[in-house]
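Across the two complexes that follow, chain A remains constant while its partner is chain B and subsequently chain C.
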Partner chain A sequence: MVLADELPFPPSVEDFHLVPAWVSKFTVLVWIAVALIIIFFLVLYRNPKLVPTRGQWLAESFYGFVRDRVAGDLIGHEGLRFAPYLATLFSFILLTNLFGIVPGIQISTNTHIAFTAMLAVISYVLFVAVGIRKFGFWHYWKKSLFLPAPLAVQPILIPIEFVSTFVVRPLTLAIRLFANMFAGHVILLVFTLGGFVLLNSSAWFLKPISVLSWVMAIALTFLEALVILLQAYVFVVLTASYVQGALVEDH
Partner chain B sequence: MHYLAADYLAAEPNPIVPIWQELVVGTIAFAVLCFVLMKFAFPRMEATFRARVEAIEGGIQKAEAAQAEANALLEQYRAQLAEARTEAARIRDEARAEAMNIKTDLLAQAREDSDRVIAAGREQLVAERETVARELRATMGQIAVDLASKIVGEVLEDEVRRRGTVERFMADLEGEGIR
Partner chain C sequence: MGYLISGILVWGFIGWLIDRWLGLDGLATGIGSLVGAAGGVYLILRRFGG
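And then the complex of A and B:
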């Protein structure tokens, strides 16, 4: 039972902080993600033609999806100028999320709240800045906080509006993505490492159950793939919808 | 026991607290990504989309122009055809009218001619009859005289009566001739 002693089981928060420093698995992965995305788009779009080739079509579809389905449909015609940022955001979250189920990497950088917090802060600054730029500082705040309601309700309504728009939004953005990735990683760890623990168990009848544990790990990997896509999409859609909320005219 | 717990807490990082180095690295990396993609990748895609739309719209416009031109030509041909038809109808009407005129003229002329011929014939007839009558009258007189000369031996005495008889006979002849 030497092996069992060496296995880090059960998984703990420590599994996410292997070498917390400037150069860690996470910072390196972020740079790799950035490099891969840049290479992907620049290589596939090095020689664009009116009639697209397969690679060009792939790159265009990705951007076109965010541009038309997210920026265009959610924000409207004004939203098209946010399409490049939203597409960048989507590609970054999608790839860093995907690292969580890529064999050999097996962990998403978004399991560290620093990265999701950074993205959430950008989204926050973006939608506030867009609103202030369109309506002016005071008008934007008035528009965001004063809802058409009886004056008597305003003392309750204004703090609620303030908290929900300017405090909760960035926090939920950051925590939603981080927590989903974190939880997904913990679940995969539980079933994968659990399999080894069962295999190394002293009770012989527990050993075959390790296969079941690994099957579960594989099945949950597919679920994780869905979560990865969905959470990347949700982050981008919410950012777009916050921008739309900041741009919309008075109630 | 207390010592152990403190140790554990120190070793266990809090996942909700961001690692500041990662914040810095993440921000820089993401900024680089944004810069490259938003400067070099997506604007080129927008340009391609625009070019594509323009190409399609240009094609449509070209087709529309060609269609319009074809329509104009067709309209022009139709107008020309209608004009030609009107012209032909006019010419036909004119020809018909002219033919009618010519016919009428010819008819009138023919009628005139025939009238003239008839009149001439009638005049000639009258003249010939008068000639014949005159000749006949002379011949008749001669015959009568001859007859009378032959008879003279028998009836000389009543010369006056004989002349009267001859005159009466002549008158009767003329009256019958006129009738």
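And then the complex of A and C:
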């Protein structure tokens, strides 16, 4: 009850603004995420040994997973040079997603579409640039827009190819991550605050239901953990498959 | 999946423009969506269906 009185209700956009107006909670969280990732890999890999210590093993297996399972298997031998980017992307998305269920932070920066849109733009520029560098500007366009098909249906197919590769891909990349994290955040918020609302309701029979609401909030936090891991992985795998599509020789 | 959606989007939108132009009350939008869906399915078969 005391807690419920202190809780700002209903939650508003103002909750995100910290003391200087231009610094929001998201800004600080991104700084923290970047700092944590840099420290994590620098410290654990500062003094590499042939027989790895536990920390080194952790960093190596994380990077090794992205390099072998994502870059190597999906893109092929050419893909190994993208492993550093993919590993950075994976660790950044995973960590910022994880903020969504860390007690005391409990919001992921990826619930703001600006961050996921920026990540999607980077992946988009990457796969287009990689394709143009390998095949040259015109050949890359020809390769990605023309499929072997009868000439009569080409006018129908080319706009579809164009929109699906150069419009829908970056949009879905950004929206998928954003919508998943945003929906997860809202669901947790609804069940947690809903518990307080039920507890404070004047009807006595609604008060015990607040316990059910909080149990749901805890259960959904575990579901969120799954979504967090899955969405970070999906973003990286899709980026890798787009790069692979830009690099592939012929259909 | 992406092909299907973008096919319907592109040709549905073109159909919608034709609708606006000729005042066809959604007829061209429907035809355009079907054409787009067919094109999308064709592309999926071509690319992933061996």
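To be clear about the criterion, the second predicted complex is superposed on the first by the 230 of 251 C-alpha atoms of A that agree within 3 Å, B and C clash if a C-alpha of one lies under 4 Å from a C-alpha of the other, contacts with A are read in each partner's own complex, and residues count from 1 in each chain.
As a working rule, a contact is a pair of C-beta atoms (placed from the backbone, for glycine too) under 8 Å apart; a residue touches a chain by one contact, two chains touch by 3 or more.
Predicted, not measured: the structure shown is a model, and the values here were computed from it.
**Student:** May I ask you to decide whether A:212 touches chain B, chain C, both, or neither, giving the answer as first, second, both or neither?
**Tutor:** Touch status of A:212: no partner.
**Student:** Which partner does A:157 contact after superposing on A: first (chain B), second (chain C), both, neither?
**Tutor:** Once the two structures are laid over each other on A, A:157 reaches chain C alone.
**Student:** In the three-chain superposition, say which chain, chain B or chain C, touches more residues of chain A.
**Tutor:** On the superposition, B touches more of the residues of chain A.
**Student:** Looking at the overlay, does A:172 come into contact with chain B only (first), chain C only (second), both, or neither?
**Tutor:** second
**Student:** Please indicate which partner A:119 is in contact with in the superposed arrangement: first for chain B, second for chain C, both, or neither.
**Tutor:** The answer is first: A:119 touches chain B but not chain C.
**Student:** Quick check for you: in the superposed arrangement, does A:30 touch first (chain B), second (chain C), both or neither?
**Tutor:** first
**Student:** Quick one: classify A:149 as touching chain B (first), chain C (second), both or neither.
**Tutor:** Second partner only.
**Student:** For the complex, which residues does chain A have touching chain B?
**Tutor:** Against chain B, the touching part of chain A is residues 12-14, 16-17, 20-22, 24, 26-27, 30-31, 33-34, 37-38, 41-42, 45, 48-50, 52, 59-60, 63-64, 83-85, 87-88, 91-92, 109, 111-115, 117-119, 122, 178, 182.
**Student:** Provide the residue numbers of chain C that touch chain A in the complex, in ascending order.
**Tutor:** So the residues of chain C touching chain A come out as 2-3, 5-7, 9-11, 14, 35-36, 39-40, 42-43, 46-47.
**Student:** Please name which positions on chain A make contact with chain C in the complex.
**Tutor:** Per the stated touch rule, the residues are 147-149, 153, 156-157, 159-161, 163-164, 167-169, 172, 251.
**Student:** For the complex, give me every residue of chain B touching chain A.
**Tutor:** 11-23, 25-27, 29-30, 32-34, 36-38, 40-45, 47-49, 51-52, 55
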